[in-house]
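The same subunit A turns up in both complexes below, where it pairs with subunit B and then with subunit C.
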Partner chain A sequence: MLKMIIPTMMLLPTTWFSKNNLIWINLTTHSLIISLIPLLFFNQINNNLTSHSTHLSSDPLTTPLLTLTAWLLPLMIMASQYHMYNESPLRKKLYLSMMIFLQISLIMTFMATELILFYILFETTLIPTLIIITRWGNQAERLNASTYFLFYTLAGSLPLLIMLMFTHNNLGSLNIPLLTLMTQNMTTTWSHNLIWLACMMAFMVKMPLYGLHLWLPKAHVEAPIAGSMVLAAVLLKLGGYGMMRLTSILNPLTEYMAYPFLMLSLWGMIMTSSTCLRQTDLKSLIAYSSVSHMALVIMASLIQTPWSFTGAIILMIAHGLTSSMLFCLANSNYERTHSRIMMLSRGLQTLLPLMAFWWFVANLTNLALPPTINLIGELLVVVTSFSWSYITIALTGLNMLITALYSIYMFITTQRGALTSHIISMKPSFTRENMLMFMHISPIILLSLNPSIIMGFTP
Partner chain B sequence: MIRRVLPHGLGRGLLTRRPGTRRGGFSLDWDGKVSEIKKKIKSILPGTSCDLLPDTSHLPPEHSDVVIVGGGVLGLSVAYWLKKLESRRGGIRVLVVERDHTYSQASIGLSVGGICQQFSLPENIQLSLFSASFLRNINEYLAVTNAPPLDLQFNPSGYLLLASEKDAAAMESNVKVQKQEGAKVCLMSPDQLRNKFPWINTEGVALASYGMENEGWFDPWCLLQGLRQKVESMGVFFCQGEVTRFVSSSQRMLTTDDEMVILKRIHEVHVKMDHSLEYQPVECAIVINAAGAWSAQIAALAGIGKGPPGTLQGTKLPVEPRKRYVYVWHCPQGPGLETPLVADTSGAYFRREGLGSNYLGGRSPTEEEEPDPTNLEVDHDFFQEKVWPHLALRVPAFETLKVQTAWAAYDDYNTFDQNGVVGPHPLVVNMYFATGFSGHGLQQAPGVGRAVAEMILQGSFQTIDLSSFLFNRFYSGEKTQENNTM
Partner chain C sequence: MSFSNYKPSRLAALPSTLDPAEYDTSPETRRAQAERLAIRARLKREYLLQYNDPNRRGLIENPALLRWTYARTTNVYPNFRPTPKNSLMGAVFGIGPLIFLYCIIKTDRDRKEKLIREGKLDRTFQLSR
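Now for the complex of A and B:
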């Protein structure tokens, strides 16, 4: 595991000691090389954890998320190059250091064997994200946005800390494989209900669950592009990952306690998808679409069947790449027109046809077109929720319809139609941007050919 | 023994303590510091709004999708229609930047306030017709909850245009166009004139056209206030400041005739606050130039007209401020209450003002007599020599009148063809114009506002086609001449 952590930590001196004109090249190259390392973890012989050390281990749940995180760092660095152009070298290096620090904490979060280590790193990821949003965000509302983000997540995760302490006292250890062997039966008493709530709340807020999602549109819209990418792609998945880890110690209470959250997820899916149809701000639309997709993941984690866990993992990877790509596309639009309103940049297909192709593919994967992994994930989740209760098919089916509606609406508004007269002159697409989009879409396409590697515990 | 050794003065200061002095180094403003620290602690404690970023409430926002330079009737009309035609509420952020919130020099407050459809261009007629219906239904358009309804004090007395022998044929064809567009205008012979208006002297008049409906005058200040109230309630940001700079990016491109042009895109507008050096860069996607008489300055800031003359690059915005005088006089034997706004063959015009036998009027000066537009001082001799004789000739009762007051106003005069400029600039791609109406901006403001909003939101003019008012005509040389200017 050190083969991954030491290079990532060494990216920090690379940033600070590089010559000013070589920072981006150095960092992008090195982080690309580091992103190849998690591919070594994919070949796991058994379903048990592959220990890399006493504190860090990986298993089929962790590895796809780890690969996603590692793959995303070079993409984040590439995406930030334009808007950081005019800043002083010190500021640039600080920005990159924040991203690398975030990367280190994320890698260790996904690899943590001990739940307390996981918790500490989970909280640690908040700090660099907060700094990125507050210092480099675009508008004055970013202070409000970062306050919401910080306090929602903190308030949700403090009960988790208490529960982890309690569990450690009771069971003696918080080692993940040991926990699965040592668990006691959780019954439906009040105290056990509260224990369940305390454990799950942090991740519900992080996912986010529909009633607790208020921080997400704010944080996503106000964050700079790298912040939006990492928020959408990885930080939301921390919630899913945590939920899947903790449900192993909360049996069989989950079948009982999960009801209200399943209802909220089902309802929230439809509500947030419908909100997407009414959005004028492009980034806000993509943020609400994130909430909608993650509601499916919450549902899957709470139903706890093998197929649902598989669906949840595939959906997390697929959504991470797609959402991040949509944010990059929205950002390329914003950098040119300086406005996030969809109505003011219409008909871009005539002006930037290649970018229109990327928009098209991103929107197709967003609406879960077969045979992409988005569809496989959604389908698995929908099937398991149908087996849990027949009626959910109406809601999940409606959600798929509305997702298709707003994805196509987003595509048609920005790309099709007559070009508005105030955007007839725009900088053409940079190679960097096209490369960025390609690097987002190629994992999706390659994984669609062989999704068994990200299928989690049961291939 | 110590006392003997130490120097005298120093010993005094060190060993004795005078009343009224403090011990310790910092006696500077300790009280002030304590209150500051107290304020800071109070701001962090819950219960009060915590603002860690410095207070910028007097500055415009850092980002606005549309920035409208100029808060007169045209700017506010564009803001109103942008907000009205956006399909989702709260979709576009609009900022209106106005240099002078008292509107002391704006054309709107000093305007005569007339509205008429007697133009020669069909577009102008359509615009005025729409404005008339807008003003008639103003309380449906500009309704704000809990605000009293607007009273425009519309006097529907009509316009009377008089034509001499040589202009009679043009007037006839104009009236035909007007009737085609739906304006209610009729032609009158000198006999009919004398019948209807006994106070008129028809010497030199061959033909007259009289607007019977949708014409007259109203209170422009009321329209401005109504628009302002409504637009604020729709969520448009207002800011008092001056636009000093546009930050733009440009690209060199070749046209199809192999001419090198520079296409520019404005990214930021620097808005400077009044009486201070503070400015706020506002990031924007679209800039609308509705600065009236000062539109040329704003256009020059954006780089319009910087290039060799005769090319599209070097075509300036030909809008200049022109000073027009308006005089108010009292004449107890003057024409009665039904008097329309009379525009004489000589260019002098007058209308009734109020119910106390007051009239106001003036005359457009010829090119040689153009007054100096650097200030708004009134030239009373102009009335004595150039206006009064014509008035007295046309209305004999005006031979005895007493001038009560006078003022001067700026017209945003389009030196090219005296008609407005509407629509985007071909090279500075995100600057739209809504200016240059040379004296009839007020009556065409609602229509023009809607046209610009349609251009921005839907890509082309939907209701009234104002393509002949685009900027390109200054380069191609095709004048959209209006023959009936007053």
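Now for the complex of A and C:
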């Protein structure tokens, strides 16, 4: 485990002591090498836990998310090169240090054995993200966005701290493998209902659930590209990961308490997908599509069957890569036209055909085309929710339809049709951008060939 | 002289030549029309000057478009005022479906759980878990 944390921490001195013209090369190369390390964790002897130290361990739920996080850091660094070009070296290094600090906290969050360590690092991830959004965002609305982001997540997670203390007092330890063996007898009294709510609210806000999702479009739209990528790909999955860990101590109350959140997820999927159909802002469309996909994950985590957990994990990985790729594509548009309005950059297929291919593939994976892992995740979630109750198929099926609609709408608006007549100079696609898109799509394609490694506990 | 039976529809406005009000307007209306035409012509001239400028490299900044996007995305809540129609839409599309879905799914699941507990549900071919 140290073989991952120490190199990531050492990326910080690498940033500060590199020569100014070598920062990006050094960091990208070293973070790519570090991203190969979690691949070693995939070979696990049993489903229980691979313990790396007394405080850090990895298991089949953690390892895919960890690999996603590690893979994302070189991608974030590559994506930020353009808009950081004119900043002073000090600011560049500060930006990269924020990203590396975020990466360290994320790695340790996903590996934490003890729930209190998980909570501390969960909160720690907020700070670098906040700094990235507030300092390097592009519009004046970023202050509002970062306030919403910070306070929604903090307010949701303070009850969780209290509940973790309480559970620690009751059960004696918050060690994750031990928690699966100890049970608290949760009945339907008011206090136990409140305990359930307190534990789950932090992750509901983080995922986000439909009623509490107000921070997400703001934060995603106002963040710079690296901030958007890491928010969409990893930080949302922290919520899913936490939910899947905590449901083991909250039984059997989850059956009764989960209903409001299941209804919110079911209806929220459709509402947010429909909102996507009438967005003017491209990044806002991708942000709302994130909410819609995450609603499926919330539903899967609350139903708590083995297949649904598998579907949730696969969907989290698939959505992380797809959303991050869509944000990179939107950013490549933004860098050229300096505007996020979809109508202003139409018909790009004539100008940038290779980028049109990446747009096409990203939109296809977003609408869960077979045989990508997006489809496998969605299919597992839809099948388990059907077996939970027959009626949900109407809503999840309608959601898949609307997802296809807005993905194709996004593709057609930006790529097909006539070029807008006032665009006279657009830089061609850089190799860096094509490489970025390729590095996003290649894990999806490779995982479609063998998804059993990200299937989590069941297969 | 009778005018044609052409009526305006939702997607096709009545052209001004078929509108009887066009043929007996007052000088004030004519002056207002001329002012609006002057504003439109000035904006179009500014746009065309930028559009055809050989030294332009970037986008033409269209303040009307920026104001429209700002109004659609960020400026919604400060101008929100709860009206009867607003509240009805919120209740019907926001809260109603949640309660409706809860009632339907709860009764369906309770019925299924009861059948499972009594052992009457045929789950011999149930593969999904």
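We take it that the second predicted complex is superposed on the first by the 458 of 459 C-alpha atoms of A that agree within 3 Å, B and C clash if a C-alpha of one lies under 4 Å from a C-alpha of the other, contacts with A are read in each partner's own complex, and residues count from 1 in each chain.
Assume contacts are C-beta pairs under 8 Å (C-beta built on N, C-alpha and C of every residue); 3 or more make two chains touch, one makes a residue touch a chain.
Treat the numbers as computed from the prediction; the structure is a model and nothing was measured.
Overlaying the two complexes via subunit A brings subunit B and subunit C into a clash. Residue contacts after overlaying the shared chain place A:L344 against subunit B and subunit C alike. In the superposition on chain A, contact is made by A:Y390 with subunit C only, not with subunit B.
Of the two partner chains, subunit B is the only one that A:L143 touches; subunit C does not reach it.
Judged by the touch definition given at the top, the superposed model places A:M182 against neither subunit B nor subunit C.
In the superposition on chain A, contact is made by A:M426 with subunit B only, not with subunit C.
Touch counts on subunit A: comparing subunit C and subunit B, the chain ahead is C. Using the contact criterion defined above for the overlaid structures, shared-chain residue A:P260 touches subunit C, although it does not reach subunit B. In the superposition on chain A, A:T280 makes contact with both subunit B and subunit C. Of the two partner chains placed by the overlay, only subunit B lies in contact with A:A418; subunit C stays clear of it. After superposition on chain A, the stretch of subunit B whose C-alpha atoms clash with subunit C is 92-100, while the remaining options among 38-46, 92-100, 110-118 or 326-334 stay clear. In the superposition on chain A, the residues of subunit A touched by subunit B in one structure and by subunit C in the other are 280, 337-339, 341, 344, 421-425.
By the touch rule above, subunit A contacts subunit C in their complex via residues 141, 259-260, 262-264, 266-267, 271, 280-281, 284, 305-307, 337-339, 341, 344, 383-384, 386-392, 395, 421-425. For subunit C in complex with subunit A, the residues that touch the partner chain are 51, 56-60, 65, 69, 72-74, 93-94, 97-98, 101-102, 104-106, 108-109, 112, 126, 128-129.
Per the touch definition, subunit B reaches subunit A in the complex via residues 52-53, 56, 61-63, 65, 86-88, 90-93, 249, 251, 253, 263-265, 267-268, 283-286, 423-424, 429-430, 432, 455-457, 459-460. Residues 138-140, 143, 278-280, 337-339, 341, 343-347, 417-427 of subunit A are the ones that touch subunit B when the two sit in their complex.
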